[in-house]
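One chain, chain A, appears in both complexes that follow, with chain B as partner in the first and chain C in the second.
And now, the complex of A and B:
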């Protein structure tokens, strides 16, 4: 980052005299700050394909409504955002309306980005304007009807989105407020970790309590001691965000990418602020369920499967091995109501995040070939109800669903879409009637 | 012989590929790649063996199968320690092996010259195991029909033992060499009895239970310091154990 800054400053110095120097250094600072904003916002995660050119378009997102492909946001004028100006960019970040009035889908987390300060958005644009143009045409909208009508997002915004700047809580410390800003704003943690309502918008009453996406369950990250990170110390949480691994857990799935591209590159001060804020969120959670009796057939089978397949790394008593194999005893990830992530890990295997602080990337092998659906369900039921854990049992059909790789088609969401279209039609009709009336009066 | 049927590489293959890679690397230094970042990893990656399925004989004729089943039951007779070789599936194991790459020696160098090797060098002949079984069983059958007027399976147990002992001590000679075939059969029977049930023998992990061998477990840290205590876990096959599916009730 500082290399970039020095180069830019040197360039400015070469190009002009003393005044230009001051201006150039200022611009260099802005670009450097903007690059950090891109890290905070983790633009890379969606807008870069694995192995692809930075920001030249990402891998498809399988949303419950259909497929969206994150577009090319390099400075290429035809296939990227090279013909955008700063005003276009600011409006997009604040309102979800892009260049030429095109409405973005909220898979782009503009409801979160809209909280960013003017300064941060301006800095981010200064950086984005320096991104190497790459020609790569992306068909972003691959949603089926009726979701492919971008205008529908007008109605969606009306119902789900109020563009508001971040409001600091004067009763809290500056560090807490910085953490709240990062989590709610640029870091858009809620995009994955907050449950969605029928229309795919954040259910703000359940903020950060855990949500399902793309075959993974992004766990509760509030300070809840049962399912959240309440049992982690401030330092443990910071270590997890910086390295992707701590005594309790190893980042997997989409969080692995978030750690590699974003949190591991954040400043320690920002990580500490995030930890302070998350740990302070202590929503009332339903009381923990009673663990299943160890004599249950599912628990007996699960115990036998665990001893032969899992205990070698995670330990006979689920204690794991520090920084290498996560402990399962007292691990909140195991206690989430939704076992999707656990099923995914057992069936497919997983590799930890690769960060400067944890470069060895320990991995868990796939066990899908060895365990049938019932056995995967039973071993998960066992670990979810052993060594102090307590969580609902896992059913074989929850495993079968993932093994087939078929994303669930939630009918609620489809019905939600239809309701949305009806609402839109209604709103349009109302508007036209009102206009006609106004005309009549005139 | 214990390698999985779909093969994940013998030592010979490894050596050959290392040589090939070294040569290739030497010839095209520019093609060398350096890796950085995360170690290579793929989700859902696994190379499991294909479990042997029960069913019709794949290599043996019906008569051959009856004879081999009778022979493995004399080599490992049922007693109060374990089931016999037939019930443990040794003949099924041998049948499936002979029908696969072991039977046709597809993973060995099998061209001449075929010199008389030293005893320490093992079998050096031209015939592959499948051919040796076919010829050996035919020779036994014709010898017994000539001398005893009965096939092997129809002999009383004592006469079966006497015949096998005669083969072993080279007192009964076959065109292919009696002791040679006997040793091959004995070797394969033991392999079938003790190898993982996934290959068709060791049914119900009978031999492992007899020995107290825990199977494909690979971590005993919790027991390292527990001296003079019996290891409590039952054996586990590559494809699992009956305890994993108590409700299915089906033991492997």
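And now, the complex of A and C:
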């Protein structure tokens, strides 16, 4: 009898154990999937300071409206999101309204995240709930008046944001649709690469055709062969996203971080899907400008500066070196209408992304101390109009603007802010009147 | 008060070529590795910035990258009858300082020593009888060229060496060095594109029935991605190699070949500006407990570790062993002892040939862009009719024509004034130089020990160097000067001048940073400091890696062999020592 009892007990234990194990495995899968969602969404890029604890709050974002600091999203109940529940989190991702009804600024790309599937958001929460709590109080909203009124985002959302799930295009392949989902949804590529209207919202008609932010110009990433990635093969684009470098370009500035934290950690299948989708976007661009004549004085001066300062690495013909020095010939980054990134690279230098596929992290030194504004402008004019490149010349004042670090005074933005506040007042008044009327009826 | 830190599996003293290679291998093995580096962090992006890397005054004249005597000086004398005095300025040799060590500012000549070097005593005894080298303490190293081959290969592929093989698995290769031992495969990159002066030199050498070949070079002839996945660029021939860090990622160094991968490994840690003061031994005496070091703020730490690797500059390895009581101090009177013996240098001579009407454009140059001749090196030729052993490579490697340092003028020219200016203008572009990198063989009176008088900033005795060119090496070098004159005459030219090595070695003018020996590898635990795996004969968990292990110095630059020895030691630790931790790998 006792033998039988033991056997039964053992069986029960086994079964119980198996059930618990299965649940644990499910949960583990969810967390692992959620961790991958955090990679796709590149939460780390904004919410982690360089060298800081993961997700415990990021470095300040200098937006055209002023300074925002990405908050602590660890599980610390007081300074993080430890007192949020899954419903809070889902609502925030879908609507930009956080715990306690607090409205987020769209620097948090909820307009993109709102396209994510229920499953992906649920998985992401499962992962976020496991993040080590770190006590770190962050004052997120450091915007000046009137932008610091969070309620204004109600009006912003009204004008700029329609929460909608991602809609697959049945005419396209599953891979294309996966790519579209990643680019538009969790990957929020448009946050940087899509031009903004005066309220800082995506100009959807110009999606992914390049935009300026934080002293960099995030280039056109449509299939446009002049300014976009149309000249890149599928494999070259995948290589760029996986390693931060390919034969055409080396990731710099904010893209370097995006590669290190996000794209280099994506699955090959997802990278392929992104490449398929981006390459299919044939942005119609104005005809390519004719290159400046080599005899132009700016081209002559620029050529001499290039030979003395740049050719040692980038080569006399602008061909660069594999994985080390980006080619300048045929590099679409040079052909953007806006030379902001190029000015930034020459003035401040840059270092490549460090990824398992490309560990070298070569650096371009700062040349701002040895080239004056005219020289920087001339050498950029030269490289933008040599070896098959053609792009508008760079003027010295465009260099001076960045060298001085003075942010452009966006009067349009200020006016936009005032309009927003007016709208808000108007809307509130309307609401009050409607309510009063309802009271009156009652 | 010394703070005691958490234990590490491995602590490495010095993060240059050898330290970084072994650290990377042992980190791959899964060990928790810490490197302690006395000098500062250096990397290409910040320290060898293309915007200012080619600053001759800062780097070549004021020697920005080098060890300064205030940090550690060395005392020198020519013989035991003299009182050694400290070098107030490093002159004849320039040890490196900081991450990358001397591998930052080298020229890039990357040689393999020959089987007749590794088995020098057996080989010369077999060929000539031991009497031929009486008075020289030539010892076998305990390894053969065949055993070293995979480690040389690993180093050359790590670096992306540009060259032409002379012997692949026993098949002679036209255009390569006909005297080299068999190698498994071709160099990773083809030779560099030749400039005019070495081309002319090669023609002259051929006319004398010599066998010139492109110098194996760590200045890269083409783009390269090494086995660790690190990318390097093609050398631009700017002529700023020796004494400079490379700004173009085209000279092999720890920075360009290892660190980008090593530094991101989670089980590797580097602490810079931390000077190891002593290796601490267990009471048993045959195991080390760890090291005591001081950080930049002057705080002292004890770092426990299971394995201690001495990977500093060779001379510093030797001094640390002496300061820590590892091995028995060599005594030249009795010829007994293991540490400090077989100190060797390099026995060089040089030739300048002045031409009229030739345009060498010498500023188009690289540290190892040139042509070499090994017909008179080592035991490549029959020494039966000469009164010495050893030899030299003849190398025409115009490394630079930098404006401050490069002023070739014929003998007799005033040192300043209008005549000097006129001769400078006349000869700057039309002078061809070549030099003989001569062997240096050990003899009894040449050795290293601790100075009885002079101390460093921590109160520890300085290293004392007692060195004079042995008669054998002087005879060898004069033979090479004669051969050089033959080449100079074959070159034609208006006039030439050849230097001749003289006694009374002088530590002031720059000669060579190729200091070797002092903690030599060998087969006899009473006459060598480390076994053939570079494991200390006395303290089983201490390995001593670098040119300190050379039992003699050949007529070649040492870095290729230093790099190969690092791979040998790493292999021995991974595949032998870890299976028998704490045990000697060779029975004493």
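The rule is simple: the second predicted complex is superposed on the first by the 420 of 442 C-alpha atoms of A that agree within 3 Å, B and C clash if a C-alpha of one lies under 4 Å from a C-alpha of the other, contacts with A are read in each partner's own complex, and residues count from 1 in each chain.
Please note the rule applied: a residue touches a chain if its C-beta (ideal position, glycine included) is under 8 Å from a C-beta of that chain, and two chains touch if they have at least 3 such contacts.
Note that this is a predicted model, so its numbers are computed, not measured.
**Q** Examine A:354 and indicate which partner it touches, taking first as chain B and second as chain C; both and neither are also allowed.
**A** Both chain B and chain C are touched by A:354.
**Q** Contact-wise, after the overlay, does A:297 reach chain B, chain C, both or neither (first, second, both, neither)?
**A** After superposing on A, A:297 lies in contact with chain B but is clear of chain C.
**Q** Looking at the overlay, does A:135 come into contact with chain B only (first), chain C only (second), both, or neither?
**A** In the superposed model, A:135 contacts neither chain B nor chain C.
**Q** Check whether chain B or chain C contacts more residues of chain A in the superposed model.
**A** B
**Q** Between chain B and chain C, whom does A:167 touch in the aligned arrangement: first, second, both, or neither?
**A** It touches nothing on chain B or chain C.
**Q** Could you tell me if A:370 is touching chain B, chain C, both of them or neither one (first, second, both, neither)?
**A** The answer is both, since A:370 touches chain B and chain C.
**Q** Which partner does A:324 contact after superposing on A: first (chain B), second (chain C), both, neither?
**A** Only chain C is touched by A:324; chain B is not.
**Q** Report for A:312: first if it touches chain B alone, second if chain C alone, otherwise both or neither.
**A** Both chain B and chain C are touched by A:312.
**Q** Overlap the chain B and chain C contact sets on chain A and report the shared residues.
**A** Correct list for chain A: 312-313, 351, 354, 360-361, 363, 365-366, 369-370.
**Q** Over in the complex, which chain B residues touch chain A? Could you list them?
**A** 37-39, 41, 43-46, 48, 216-219, 221-222, 233, 236, 238-241, 243-248
**Q** Name, in rising order, each residue of chain A that touches chain B in their complex.
**A** The touching residues are 297, 300-301, 304-305, 307-308, 311-313, 315-317, 347-351, 354, 360-361, 363, 365-366, 368-372, 374-375, 378.
**Q** Okay, in this complex, where on chain A does chain C touch?
**A** The contact residues of chain A facing chain C are 312-313, 321-325, 351, 354, 356-363, 365-367, 369-370.
**Q** Once bound in the complex, which stretches of chain C touch chain A?
**A** Of all residues in chain C, those touching chain A are 44-46, 49-51, 223, 225, 228-234, 236, 238, 247-249, 260-261, 264.
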